[in-house]
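The data blocks that follow each hold one structure.
Heads up, the next two complexes both have subunit A, just with different partners, subunit B and then subunit C.
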Partner chain A sequence: MGILETTAGKVLSSYSVFLFLTVLAQAAVRRFSTSVFLFGLQSAIIAIQVAVIGYHEKLVEAYIVAALIVVLKVLGIPYAFFRLIEKLHAPREVKTSTSAAESVFIAVGIICLSYAAVRSYASGVQAPEDGLAASVALILTGAFLMVSRKRALMQMIGLLVLENGIFLAALTTTFGMPLVIEIGIFFDVLMGLFLMGLFVFRIRDTFDHMDVSKLRKLRG
Partner chain B sequence: MKIALGILQMVLLVMGAPLLRGIVGRLKALLQRRQGASVWRPYSDLWKLLHKEDLTPPSASFVFGLAPLLVFAASILVTAFIPLLADSALLGSAGDFILMVYLLAFGRFFLALGGIDGGSAFGGMGASREVLVSCLAEAPLLLGLVAVAIQSSSVSIVGMAGWALGQSFFNISAVHLLAFLALAIVALAETGRMPVDNPTTHLELTMIHEGMVLEYSGPNLALIEWASAIKLSAIIGLLIAIFAPWGMAVASSPAGIGLALVVLLAKTFAILVALAVIESAIAKLRMYAVPDFLGVAAAISTLAVILTALMKR
Partner chain C sequence: MILLWPLGIAIFGAGVLFCLANPKAATRVALVLGVAEAAVLVEIAWQVYHRGVLTCGSYLRADGLTAFFLVNLALTTSLVLIYASGYMREAQEDRFFSPRWFYALVFLFLFTMLGVCLSSNLGLLWIMMEGTTLASALLVGFYNTEGAVEAGWKYLVVCTVGIAFALFGTIVLYLAAVRAGINPNSALDWAFLTDAVSRVTLDPHLVKLAFVFVIVGYGTKIGFVPMHSWLPDAHAEAPAPISALLSAVLLNCALYAVLRYDAIVSRVVGPAFPHHLLLGFGLLSIVVAGLLILVQRDLKRLLAYSSIEHLGIAAIGIGLGGPLGLYGALLHTFNHSMAKSLLFFGAGNVRHNCGTVRMDRLGGLARVLPQTTGILAIGGLAIVGLPPFSLFISEFAILSEAFSQSRYLVSALFLVTLSIVFGGFLHHFLGMICGEPKHVGGTARLLPSEWIVGGIAVACLLLLGIHIPHLFNSMLQQAVAVAR
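This part shows the complex of A and B:
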């Protein structure tokens, strides 16, 4: 029992560190499959945190949410992405408009910015500052990935990272929303992914590539 | 007792350095399903070189002969700052981490001078590359150490190790994690290992270290090779001392020091395995991609320094 308590405490105090690491790594990676793997890792960290909060607050619903995250975001979405890569014969490399070092520097700036952004808010409510900063950093990094990556597939990853950040923000401020809403959000994410997958296929079929920086002309 | 311990640590780092090279080579061979040379081969290489004739190019000046001695002396001096078995070192209180970093830079500076002084085209090329890599690696190295220094409020390596010893392993601090990542990347660059430089060949146009030492032979070459092996062992010792010192002897009793030695050997072996895996799994970067690689380290170490102020623990 004692060991479980301590582990739970440690997870709550240090999960934001690992989330920051995934943010930095996400900015540095050059290969699409690594990026997908990192997204799965990020979701796994969040799932562990949800489970720990459930243990702390004695909420059975939290366990269900954690299981849903594992099924959907840790296993399901990465699997779907790998299938998608196979089907599209997409190049493995991530095309970026900033170099790896520049991206990591921007990610560092984002992390500092998110600390600055949540500082005044975190002192007002009962929320851990590091956790809030991590969630804001995830949201901003997701947006940054969507802007700076050139292939349509990476923009899907960016959107999912952003969604992870929003989920984490809700989790750290309210200790989780009602189960019905959570399930609704998961369903939204899934549908969004389907639609984006369809779009990627359409883009590939119409333009023979997925480089969104070259999508300048309208085609019927 | 303390002085004897300090000297023992230096002897371990200096005399054990070629063995580390041998072990990495053997591990890499095993990973690539080759038989590989004996782990003691670097010693016999050094022995052979020490008994060979020393050839100096006719165009070389006195710097050519002086450089290996200074390089070797600088790297031996660096080992005097690193605590291995207990949280003390021979020069532990005499200098801080900045002195240690610039002793490393001093050695590198004279190595580059010697490379240029040899007069061959490869020497100049290798030297210019080495200087580029080292000036890119210097910022993350210093910043990473500064982050740890702020966290432990101590400027000496011994003080940092002592502070980390007092912490529990499970109190993961973001500062340490990020500083470790940055310093690990820097260590690969500083010791001329795989993604930056290929240590096993002098048959490539992309070589850095081997290009510089191409004109050296005999005892001079032995000194340079030994010095670069010491650099590897010193940096491994530094990483262990700052980030994972648990197991060091607190009281300097023979039993405690014996135990510390066993733990140290285990940790060193773990790092060597990681190094061999990295070197076998990753291809060498193009020279133009190296600044990007080290830029990532610079960014990470900058964040580590900033987080010392942001994260309160």
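This part shows the complex of A and C:
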């Protein structure tokens, strides 16, 4: 059992590094499909961490949550996105308002900022500082993706990254919320994505494009 | 057990209505179910009035504050359903654009809003609040025009992100509760928390952080400036009954959620911190919305900005606290629901008959649509807070609370904004109502259903403006006692 214990400890201490890597890569990618893949990877890292915490703290509920993440966020949502790209005949490029280099710089800034933001709280709540910083970084990156990416599909990815960050915050500070609530939140996220997908079709049918930055009819 | 009934009726109604292909049958069934729903809600309020608190399992609970919001919800929903029976009569059959979709989504929307009011668990409350966005997004985009699709997308994205912040706030409060030694399973139960915070000490820093996130998150749904950007679009593009539901029920539900947090946070860190935040958001909202009202060109956008202003007034009342502040705020939410539903119904009629709600293209409505003009005029006089209508009473209560606490800046801003809004409404409404007709209208008369809703709303506004009945007053007092 020694090896398992050590691995579990290592995973817990190093997962945030991988999450920061996905944040940086997410900022740099030019292709939509890569972005979806990165989101899946990010969710996989979080799922592994949930499972490890379940092993560490002997929580059966954590395994259920981890399985849910794998089914929904690692497999289901990316698969749905790939189907959506096919059906929409969407352009594969990610249309951004910042260049790749600028985006990476902003992502680095976000990571520094998250460490600065959690410093005063991390000692108070006895949570791993890296984990908290990673969750704040994910939330900020999600928000950044939503404002800087112009196509509707990338804004959905931004929302998902933001949601991953909030989930991670709950996980690192309190080992997650009660299971019923957790499942309800999953359901809401799923329905929200489904609806957004529906709206993406409607936007394409009504406007003949998916550049939501060009939706400027309603002002004032 | 009775708490399960309204949720059951709503979800059952959504299912049944979705299966009814015949528009007339759907309308009738929706009316019957709506009346049944309202009856059950009034019965719940009645039982709460006599027995104090009702619970069902560990997730549902109703107390005085819930009951007050439920009565408001029941009345407004009935008005909306009666009005919709006339409004939807000419809707064509289309893939999404049909009465059965409309009514099914309305009942789903109703289900989620009832869930917000009835849940005793802050996590469940969040789930239901996100549910309100999801259930109503398709209703906002119902007409499937360019504007409606844009408004629907904006509504979905802005509110989902806003609500995500509220989830973060919920998690932080949960963290504070768990760390203080409260059992994780009851750490999200607001009734338990409100009670327990006097016995255990929650980390005040975490609780403050939680409240900031919650007020930003749920404040997005209330329409506080600067998170209000979705609200005018959604209200303007949605069908008129949905605009009324959004403005008169949904915004109140979000305010209800903030009130629950306010009660907990006030007990932990003292009332000054949450109340100052509410005051700040309220003042910012009324000033910005008041100025924007002046420059509106679209009648429904004008009404939407007025909703931001009035929810801001309610927030100021809560922020002031004291004997009259909260009383005035709760009364104001009810009055606003009545007046705003009336105005949106009027605006719906204008769109129906003139084909537009752009105010520069409307003129001489008094000649073309005399009865609808009556609705708009009464609603307009009520919404700017003139006596004998009841908004005068609630605004006066809040204002006198501000004066009695010697908050002269708040009072001055409040009064100046009210005058600006008064001028703005007068200018816009006179421009529409008087002058030469620019449109030749269709049916100029009100339908019987519209007479009923107009009559009920005006009666409520007048009754509460002249004399608040004893029963209503003591329900209001119970709600104030709970929320304080």
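Definition applied: the second predicted complex is superposed on the first by the 217 of 220 C-alpha atoms of A that agree within 3 Å, B and C clash if a C-alpha of one lies under 4 Å from a C-alpha of the other, contacts with A are read in each partner's own complex, and residues count from 1 in each chain.
Everything below uses one rule, namely that contacts are C-beta pairs under 8 Å (C-beta built on N, C-alpha and C of every residue); 3 or more make two chains touch, one makes a residue touch a chain.
No experiment lies behind these values; they were computed from the predicted model shown.
Trainee: Which of the two partners, first being subunit B and second being subunit C, lies in contact with A:A170: first, second, both, or neither?
Mentor: So A:A170 only meets subunit C here.
Trainee: Should A:V17 be classified as contacting the first partner (subunit B), the second (subunit C), both, or neither?
Mentor: first
Trainee: If you count the residues of subunit A that each partner touches, which comes out higher, subunit B or subunit C?
Mentor: C
Trainee: I'd like to know which partner A:A101 touches here: subunit B for first, subunit C for second, both or neither.
Mentor: The first partner, subunit B, only.
Trainee: Once the shared chain is lined up, is A:C112 touching subunit B (first), subunit C (second), both, or neither of them?
Mentor: Touch status of A:C112: first partner only.
Trainee: Please work out whether A:D188 is in contact with subunit B alone, subunit C alone, both, or neither, and reply first, second, both or neither.
Mentor: Touch status of A:D188: second partner only.
Trainee: Report for A:A28: first if it touches subunit B alone, second if subunit C alone, otherwise both or neither.
Mentor: Only subunit B; A:A28 stays clear of subunit C.
Trainee: So in the superposed three-chain picture, is A:A80 touching just subunit B, just subunit C, both, or none of them (first/second/both/neither)?
Mentor: A:A80 sits against neither subunit B nor subunit C.
Trainee: Thinking of the overlay built on chain A, is A:L159 touched by subunit B (first), by subunit C (second), by both, or by neither?
Mentor: Touch partner of A:L159: subunit C, not subunit B.
Trainee: Starting from the residues of subunit A touching subunit B, keep only those that also touch subunit C in the other complex, and list them.
Mentor: Looking at subunit A, the two contact sets are disjoint.
Trainee: Going by the contact rule set out above, which residues of subunit A touch subunit B in the complex?
Mentor: The touching residues are 6, 10, 14, 16-17, 20-21, 24, 28, 99-102, 104-105, 107-108, 111-112, 115, 130, 133.
Trainee: What residues of subunit C sit close enough to touch subunit A in their complex?
Mentor: Residue list for subunit C touching subunit A: 121, 123-124, 126-127, 130-131, 133-134, 137-138, 141, 144-147, 149-154, 156-157, 160-161, 164, 167-168, 171, 174-175, 178-179, 184-185, 188, 203, 205-206, 209, 232-233, 236-237, 292, 295-296, 301.
Trainee: Could you please specify the touching residues of subunit B with respect to subunit A in the complex?
Mentor: Against subunit A, subunit B makes touches at 170, 172-174, 177-178, 181, 291-296, 298-300, 302-303, 306, 310-311.
Trainee: Which residues of subunit A touch subunit C in their complex?
Mentor: Spelled out, the residues of subunit A in touch with subunit C are 121, 124-125, 139, 143, 146, 152, 155, 159, 162-163, 166, 169-170, 173-174, 177-178, 180-181, 184-185, 187-188, 191-192, 195-196, 198-199, 202-203, 206-207, 212, 215, 217-218, 220.
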